[in-house]
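Both of the next two complexes hold subunit A, though its partner changes from subunit B to subunit C.
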Partner chain A sequence: MSAAKVKMREKKMRNQPASVQYPSSSSNVESSTQNGADAPGTGKNADPLKGGLSEVHPSTERQKKTPHQSGWVRGHHKDGGGYTKEMPKYVTAGAFARARAAEVSAMLKAVRKTTSSSRVFEALPKHMRRRAMSHNTKRLPHRLREVANRMREKGLQAGSKKKKEQAKSKSRKARRRHGNLLLEFNRRQRKNIWLETHIWHAKRFHMVKKWGYCLGDRPTYKCYRACYRAMSSHCLLQDLSYYCCIELQGDEDKLLAALSQLTSKEAGPTFAAALCLSGRRQGSVMVYRAGRYPSQPLGPVTFLWRPRTQGSVHRQLWIWAHPTLKQDLLPELQTVCQCCEAVLPPAAPVEVNPTLEAESEPENTPEAKPVPGTKRKRSRKDATGPPAKKILGDGTRLRSTPVSWRSSSNGIVINDLTMEIVRYRLIGPQSHSVLVDTLEAATGCDEVPKSQTCSLWWPQHCSDEAKMTLHQQQADIFNILKGIYSTAELPSGTVLGLTVDDPRLTLPRKRVKALPCVKQAQEVDEEKRQKLMLEGVPEPCCQSFIWEQSVRDNVTDNKISEQELNRMRSEVLVPGSRLSPTPLQGRVPILLVEQPGKQVGHEMSSWGAGWDLLLPKGWGMAFWIPLVYRGVRIGGLNMSLKHSQNKAAPHFPRDYPDCPAGMRFQEEQEAELLNKFKRHPPAKRTNYIKHGCVAPFRCPWQQLAEEWEIIVREGGSQTRTTAQADAVTEERTSQQAISITKPPSRFTVLRNRKALKLLSAWCRPTTSKGQRPCRVGELPPISCEAVTSFLSAHAMSLVWVHVSLPSKGKPEYHAMLCVPTPDDLKALGNRQGTGGPQEPPHRDHFKSRIKRRKKDPKKTATPSVTPDKPDGKKADLIFASDLDTNASKDPKSFSESSSDLVLGLWPDPLPSVASHCSRVTVGWVTQGDFSMSAGCGEALGFVSVAGLLNTLLNQTSEHKGKLLLRNPTSLHYRFAKINIEV
Partner chain B sequence: MRTVFLFQESSSLPYTLRKRLPRKLPKRRNDVYVNMKTDFRAQLARCQKLLEGGGHREICVHGLGLAINRAINIALQLQASSQGALQLAANTSTVELVDDLEPEDPDEAGEPMTRTRNNSAIHIKVFYPDAQ
Partner chain C sequence: MVRLKSRYLLCEVNVSDRSQLLLLDDRAIMVAVKAAVARTHGDYGAAMCSIRFCVKYLNAHTGIVFLRFPKSCYKLLWSALPFITSVETRGQKIPCFLNCLHVGGTIRTCQKFLIRYNTQQLHRMLPKCKSEEEKRQVRKAILSCSLTESKEAFEEDSESEEEEEEEE
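Let's look at the complex of A and B:
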C-alpha cells in the first residue's frame, strides 16, 4: 500500500472505536455468521434465553443480510464473499442492537466532532465566504454559527494554554521600559548591524537585511515622485553609514607605492592624482587585485587624503568602500601594505569607549539565548546589574576581532573604521542651503578659565591661537555657501572641514523648508564667492579634527544626552529660544564633501549633485533630526539606485558583473527572482521560453562574450544574418568541448579610458540633425582594420552603455539589447512612428516533457526528445536546431536536468544566447526604468564589445548606435539609442 | 556636459573641458528661462498660460547665449498675439560662466584648471501697462 493510501486510511480511522474494523484486504477468511461482529458468543448464548421475546421481523430479515462480514468491506466483492453458506435463522433484537451500539456511538461521535484541520468556513463554497469570517462568526450562515463559536472558543483556550507554557512574558509596560527595551535592542543587533538612525528608519521604512546590516529599502508611504523632485530641485537625505571606511596611515611615498599596485592609470586618475593627494578633493578609483589590472577587478572606492601637516611625510588616507567590497578589499590592502601583524584590540583606544561594556553584557549568558523560555529571565537578571549601554558602532563584531594591522617592514598601519564614522548624503541643488541652515560654526569659549583642567577637546583647542584662526577661516568659507544658489556651482569633490555647534540647540519648533535666501546671498562678498567657485576650498581649510581618533572618541563620549538637553531647554526663560551659553560639550568636528552630479552625457549635467556629511559616531541622531526638520526628503536603498540611474552612473554591486561582489549579487538576485517566479501558480507565470528569453533572471555574460568572440573570429566582417549566426553557434557547441579543456579567459568590463573614448566616438551618429559633428581629435574613423586591432585587445570585453528609448517603451532589468536587421532600419527610416519589429512567438518544447513526466514519473528516464515539427518560421527553425544540437550533444545530462524543469524557464545548459531570437542579441540591461529627468525610458546595461563593433561596422552613419531593446516579458522590440559615456 | 579635447598652448597635454552650469538665481513663478532643447511652442504656451491663466501682470523671459534669439522671438510673439495689450522692456547683461579643464593624465600634469568666460544674456519683461 502506498504511503498516501495509508495516510488516507489513518485519517478515516481516526475517530473509529477500536471495535470497528476496517479490513484492508478483501480476503476474508473468518466467516462469522453472527449478527454482532465482536460478540458472537454472547449473542448465541443469549439466544435461548431471549428467544421467545424476539420475533424476526421482515425488516430485520432484510437488515441481517447487509452486515454480512465481520467488518465493513468497501466496494464490490466478486467472490460474493459476504454471502456465507449458513445464514442465521433468526436475529435477536437486543443482541443485535447491543452489538452495534459501539459502532453507532462512534458514528455519532464522528458526525458531531469536526476534525480540527479545517475551520467551519472552509467548508463553505467560495462564493459564500466573506472577509474576516474566522474573526466574526456572525458573518457565517446561521446554521454554522454554533459550531464555529464552539470551535473558536476551543481555539482560544488552546492558544492561551500554549502561550502560558511558552513564556511568562512581561507586561508591555515592563517590556517598554527604557532599560529593558535597550537590552532587547542590543540583543537584536548582534546579528545585523544597526545604523544609528535604525529606530527612526524602522518606524517609516521597509527594512531589509543586507550585507550584514539592517537598512531601509523604501518608505512605507508613497513618495517616489516626491523623492525625485527632492533630488532634482530641493534635497534628499540618505544614511550611508553602512559604507565601510578603512584608514591607512604611513609615509606618503610608501603608501602610494603600495596602492599603485591596486590601480591603473589607464582606467583614469589613481590614488596619486595631484588634487586628491593634497586633500582638497575626494577622488574615486576602480580597485583591482594587486597587479592584475584588466582581468581581476574588485570594485569602485572613494578616497580622501588628510591634508598635509607642515614638515611631515606621515599621511592619513580614508578609503570608503561598499560593505560587500570590504571583504575582498581588506585582505588585498593587507597584502600590498604587508600589514599582517594584527594589533590586538586592547592596545587600540577603541576599547576604552562604552561600546564594549554593552557588548560584553549580552555575552555573559550566551547559553541562555537559544531557549526561548528563558530569554526573559536573563534580561531581568541583567536589569538588576549595571544599566545597559547603547551600542554605538559595530555591535556584531566580536571583542577579540582585530581592527588594526601594522606592518613591521614599512610602518603602514591599517585601521578598520567600520561604523566609526557616520556618513549622511544630501542630494539635490539645495543641499547646501539645508546645511547652512542646520549647521552653525562653533562658537568660541573665552569664558573658560585656563586653570580649570578640562577633559573636553574644544576648550583645549580654543587656547591654541593657530587652531582658532584656522577655525575662523573655515567658518568664513562655510558662510560663503550662503551666497551660492546651487550645489553644482562648486568644483566637484570639494572638501571642507569644520567644527560646528550641536545642531539640536537650533532646532526649529516646526518643520520648515530650507530655501536659499536672496538677501543673505547678496551680503556675501562677491569676490570671495568667485574665488570659492573657481578654486574651491584652500588646502588648510580641508583639515578637520574628525581625522583624529582621540578627538572623535572625546566627542562621542561627552555627548549631552537627549534627556539632559531637554532638561536644559525647560529651564530657559523664554520657551523655544536658543540655549545660551552653548554647553561646552556641544562642539563637533565634521567634514563636508561635495559629491559631483551627473558628469557624463550632454543633458541634465550635474544633476544629483550634493554634499556628504561625515560625523563622529554617536552623533547620528543629533544631526539627523535637525536635517529632517529642514524639509528634506528621506530616501532608502531604492532611491540610491534611482539616483545612480538618473546620473547614468553604474551602481555597485549591481552593475559590476566582473567583480566578485557583483557576481555574488547576481547569484542572490537570481535566487530571489526565481523564488518569486515559483511562488506564482504555473498558469499565471510568464512562459519565458515562449517569449524567446533564455535567461530572464540573470545575464550569462561569460557565455555571451565567448559566443561573440567566436562569431567575430569565424565570420570576419561579413554581414551577419541569423542563419549564419546560427551556423556559427553550432560550431560553438562543437568547439565547446575543446574550450572546456583549456581554461577560458574571463570576460571583463572595459574600463580603459582611451579605448572607451574611441568606442564612444564610433557609436555616435556622425551626421545627424541637431548635432554638431563631434571633434574627435585624432581618433581614427571606424574601419575594418581599426576594429580588428581593437578587438585583438578587447575581444572578451563588455562595455557599459547608456540606452535611451526615443519613442515608447519602459525597459526592465534583463531586457535584451539586439541588433536590428537592415529591414528594421529601413522601416524606421520610412515611418518614424513605427514601434519596432515583433519577435515571432517561440515554442515551449519542455512543456510537453513536463506534462509527460507528471503523468508517468518513471518514463522520464528515456530521453525521447523529438521536438514538435517546427513550422516555417525562421525563429522556430533556429530554436529547433538549437534544441537538436543540445539534445544530440548530451542526451544524458538533458534527461537529468529535466528533473528540475520549471515550467517556462530554460533548463541548463542554455542554448546559444546570442542567436536565440530572430534578432541577434549583443547584451542585456542591468537597470532600467522610465526616467523622469529625460521623459523617456532609459536603461543602463552592458554589450559585448565584439558584438557592438560588428554591428557598428555594418550600420550606416545615420543609424550608428541604434539597437533594439526587448523586455523579457514582451515580444515587441523597441528602437533604442546607445551611448558610451566616458 | 560636452567633453572635448583641447590643446593648451603652453603644453601639449590634452585637457578635457567640462562646462559648469550657469548660475541660477532663485526662480519666481513668473520667471521663464528659455532654452534650446524644449519645443518653441511649448515655451510660448507656458508664457501665455502665465499671463492669462496664471494671473500674473508681468513675466520675465530670460535667454542666455544661443537662446537670446528665441527669447526675443517668444516675447514678440506674445506681444503680437495680445493685439498690443502687452508691452516689452528688454535688458541685456553679461553672465560669467565657468569651465573646468581636467588633464587627461592627472598624475603628471598637476592641477586641473578653471577658466571663466563671458556670455551675453537678455531679460525681457513682458507686462500689461497699468491702466491709468
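Let's look at the complex of A and C:
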C-alpha cells in the first residue's frame, strides 16, 4: 500500500476497536512475568490484571502509542492488539466486569463515531436524510445542528486557505503591468533564453526548447509551400540570433598560427583564405580538434575578419557557431590560443548601468534629452525597487561568469559575444530588394553638435571627415544593390558594412511586398553595378562600426523606445508623415553578409542565396517588424532544415554524425522517436523487425563502417575472381568477425576535397549524355588498384551523397541505401518504369518471446528460440552453415539481455547491419523528402566509402551510381541515383 | 450497492477455566475454525474457508470473537463451528466451544448487538456478586458503560481532528 493509502486507512479505522490479546511469544511472557515478580503489587492478587485493565480504553491508549496498528488490520500480526502487561494468574469478577465495560465503550465508540471523511448528516439514518442537507444545516435535526455548523465553518475556512494561496498572485491587470510582466518574462527565460523576437514568434509559432533557447519550430498556420515559394522567388526571413559569436582579437599572424591547428587545407579553404582574410568575404570552415584532422571533427563554423585598419597588425575575427558546437569549440579555441586567463567583467557599474539606463529612459518619458547624470541618479532610485529591466542579450548568464579570456603569452583575447549581436537571415533572390526597401543609409546630422559631451556616437562620427566619406561610399554601394536582379548575382559571402537609420521611421502603413525596381536603377550606372557583381564590395566598405564594442553598447543603450517614438509621431503636424528631423539616436551600424546558395551540383545552382543582417543587440524588434512589413515569409527551424536540404548541404547538427554535437543529436532524436513509437499500442506500430529494418531510429554508422571494412579486407582477394564475391563476403560479417578485429577506429566523414572529387567522378555514369567528360581524363579511372589505394586511406569513412529518385518514391529519414543485385539492374534495363524489387518479409522471433514473458513475468525467457532462417537465396551460399550458426547464436545472446524488449524493434546488440536484408546496405538517409525544386523524391545521406567503391567496381558503366532506396516502413526498394557533389 | 457481501458472526468463546481464555490469539482461532471446517466439509469447505474468511476482532478478556465469512457460504461454514472442541494456542490445548450470539451483515450491527449484550451481562452479574467489593466494581463498570450515551460524539471527533491538524 502506498503511504497515502495507509494514511487514509488509518484515518478511517481510527475509531474501530482492535483485538485485545496478550503477546504471543512465550519469551515475552516470561520476561513480563519476571517484571511482575520484580515489582510486586500492592498485595492484591488481581493486581497485575488490574494494572492491565487500568486503562479503561485499552485500544485508544495503544493507538496513541502506535497509530499504525490501530483498527482492523488485515491478517494476523504479532503482538497484535496485545497488552504489553503480563498475563494475570487469576481472573476476578471485578476485573471481568471492567473488561466487559471497556469493550462496551470501545464498541460504542466504533458505532457512534463516524469516520472522519463523513459529514454529520451521513451518520443519520437514511430515512432522516433530506435534500441539500450539506448546504442548509437547518434541514438537520436540531441536536446535530450545532456540530454541523461548526464543521461547515471549518470546511469554509479550509477552502479559504486554498483561496488565500491563490490570491497571492496578483490580479491580471497587475500581472500585465509592464514592469511585472518583464519580471515574469525574465523569470521564464532563466532556463531557456529567449531571442529578442520571442514574443512575436510565440504568438505565431510552435515553440521548441532547444539548445538552451526557445526557438520557433514552425508556424501555426499552413505555409510550407508558401515558404518554399518565398525561398525560391521572393524572400524568407529567419531569426538566427541563437547562433553564437566568438570574437578573437590579436595579431594577425598569431591568430592564424593558432587557428591553423583547427583546420586543414585538404578540406577546403581555411581561416587564412586571402579573400576572407581581407575582410571582404565571409568564409566557412570545418573545425577539428587541434591537430586532429581528420579523425576528430567538431563542426562547421562561419567566420568573418574585420578589415584591416591602416598600419596595424591587430585584427578582429568573429567565429559564428551553432550553440551545440560552442561548448566544444570554446575550450578548443582557448587551448589553441593559450587563453586560459579569464578576464572578469569589469566592475559592476559598467555592466549594470547601461541596461539600467536603457530601461530607466522610458520611465521618465517627458525628458526628451536626459542628461546622463540625472539618469544615473534615477536609476539608482529605481534599483531599490524590483529590477524590472528587460534582459538584453544573454541575461541568464551569471554576472560573474567570464565572457572574455586573455592570453598572457601571445596577447590574443577571446570574447564570447553570445546574444550580443542579432543575426537575421533573409533567404531568397529578392532579399536584397527587401533590404533596400527597409533600410536607408543614415542621414548625416547637419546641425553641428552643440554639446561636445554628447553621449551619442553618430554626431561624433559626423564630425570626422574620413568616416563620413566612407559612409558615403557604403551608402552608394548600398544604393547600387537596387539595380541587381537577384541576390545570387553577387559574389558569395560578400560583406557590406553600413550605418542605417532607424527602420521604424520608414515603416509602411500597410504590409507591402518589396519588389525589385530594376528599371529605375538601371539608369543609375551600369558599370558600377557590373563592378560590384564581379568584384564584390571594395575592402574599406566592409568596415562597420558594429565591430566596436563601445559603439554597440552606445547604440543599444540609446535606442528610442517604441512608446517614445509613437509619442513623437503623434506630435507630427501632418499625421502619418515622416519624422523630421530624424532623432539622433536612430543610427545603427549594421553588417550585411551575403549567404551563398546552393554551391554544389549542376541544377538549381545558387538556389537559396540570401543576406544575413547583423545588428547590435536590443534592436532586434526594431528591424524585425519593418522587415515583416515588406512581405517576407517567416520561417522557423523546420524551414532552415528544408533550406539546407534543397541546397543539398549538410545541416548542423543533424548531418554531422562524427561530431560530438551530431552524436548528441542522434541520441536525443533516437530517444524522442522511440518515445513516440512506444506511445502507440503494439498492434498499431510498425513492426520494424518484419520490415527488416534493424535500426529505424538511428543510424549505427560505426557498425556499418566497421562491417564494410571487414568485408572489403576479407573479400579483397575474391573480388577479382567472381563478380558476386561481395555478395558472398558480406555474409561473413557476423558479430563474431567484428569481435575478432582489432579495437576499431572511429568512423569519419570524408571531407578531403581531392578524395571527394575522385569519388564524385567515379560514381558518375561515364556514358551519360549531359555529362562533360573533361574531368574524367584528369582523374584515374576506377580500377581495383585505385580503389585499394583509396580504401587504404579512407576505409572507415562515410561520404555525403545526394540521392535522387528518378521514378516514384518519397524517401524518409533513416531510409536504407542498398546495393542492387545484377538481376535488379537487368530488370531495370528491361522495363523502365517498374518500381523496384521487393524485400521478402522477415520473421519476428522476438514476438513470441515477448508474449511468453507477458504470460509468466517471473520466468526469464528461455533461449530456445528458432533462429531466423535466412532467405532461400542465401541457403545455397558457401557460408550458409556458418551463417546459420551465427544466426542461432545471436538470439541466444539477445535473450540474456531481453530485459527491455520492445515489440517491433531489435534489441540492443544489433545483428549485422550491412547484410541483414536481401540487398546489402551501404548507408542511410538523414534527410529526405519530396523535393519541390526537382519534382521528385530527393534525399541526402551518408554511405560507407568502402561499400560504395565495392559497389561501383562491380557495376557496369551504364549503371554507375545506381542504388536502391528503401524506407524503414516499407518493403519496396526504389531505384535511386547517387551523386557526390563537390 | 455493489460490494462484496459478507456475514459477520459474533461468537463467544466458552471455556471452563476463565484464566485460560487469556491465552487466546486470533491466529489460533483462525486455525481452529479452518480445521473444523476442513474436518466437517472436506476440501470444498476448506476452499470456501480460505476466501475472505478472517478473524476481525478478538477480546481475550471477554472471549468475544468476530468472524467474517463470505455471504454465499456462511451457513456452510457456520455449521462447522459447533465441532470446535478445543483451540490450540501457545503450546496448550484449551478445551472450549464457540457460541454464536449474533449474525450480522455489517460489523456495525455486530458491534451494536455486542453493546447491548455486554450491558445485559453486566446487569446479570450484579445480583450474583458475593462480596461488597465485587459489587462495587461491577456497579462502577455498569455505570461507565451506560454513561456513554453521549451526544457529543461528533464534538469529540472534531476536536480530535483539530488537534491532529495542529500537530501536522
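Assume the second predicted complex is superposed on the first by the 707 of 982 C-alpha atoms of A that agree within 3 Å, B and C clash if a C-alpha of one lies under 4 Å from a C-alpha of the other, contacts with A are read in each partner's own complex, and residues count from 1 in each chain.
As a working rule, contacts are C-beta pairs under 8 Å (C-beta built on N, C-alpha and C of every residue); 3 or more make two chains touch, one makes a residue touch a chain.
All figures in this text were calculated on a predicted structure; none of them were measured in a lab.
Using the superposition on chain A described above, determine whether A:Ala97 touches subunit B (first), subunit C (second), both, or neither.
second
Which partner chains sit in contact with A:Val120 here, subunit B, subunit C, both or neither? Use first/second/both/neither.
Second partner only, subunit C.
Going by the contact rule set out at the top, does A:Asn186 touch subunit B (first), subunit C (second), both, or neither?
It touches nothing on subunit B or subunit C.
Identify the partner contact of A:Thr499: answer first if only subunit B is touched, second if only subunit C is, both if each is, neither if none is.
neither
As a test of reading the superposition: which chain, subunit B or subunit C, is in touch with more residues of subunit A?
Ranking subunit B and subunit C by residues of subunit A touched puts C first.
For A:Thr270, decide between first (touching subunit B), second (touching subunit C), both and neither.
So A:Thr270 only meets subunit B here.
For A:Thr197, decide between first (touching subunit B), second (touching subunit C), both and neither.
A:Thr197 sits against neither subunit B nor subunit C.
Share the list of subunit A residues that count as touching for subunit B in one structure and for subunit C in the other.
Of subunit A, no residue contacts subunit B in one complex and subunit C in the other.
Show me the residue ranges of subunit C that touch subunit A in the complex, using the header's touch definition.
The contact residues of subunit C facing subunit A are 18-19, 21-27, 30, 54-62, 64, 90-91, 107-108, 111-112, 114-115, 118-119, 121-122, 125, 129-130, 133-134, 136-138, 140-142, 144-145, 148, 150-151, 153-158, 161.
Which subunit B residues qualify as touching subunit A in the complex?
Residues of subunit B touching subunit A: 1-5, 14, 18-21, 23-26, 37, 98, 100, 104-107, 110-112, 114, 116.
Would you pull the subunit A residues touching subunit B in the complex into a rising list?
Within the complex, subunit A contacts subunit B at residues 265, 269-270, 272-275, 485-486, 488-489, 491-492, 515-516, 518, 533-535, 598-603, 605-606, 753, 775-777, 982.
Note which residues of subunit A are touching subunit C in the complex, please.
Touch list, subunit A to subunit C: 16-22, 24, 26, 53, 56, 72, 74-76, 80-81, 87-105, 107-114, 116, 120, 123, 143-144, 147, 150-151, 154.
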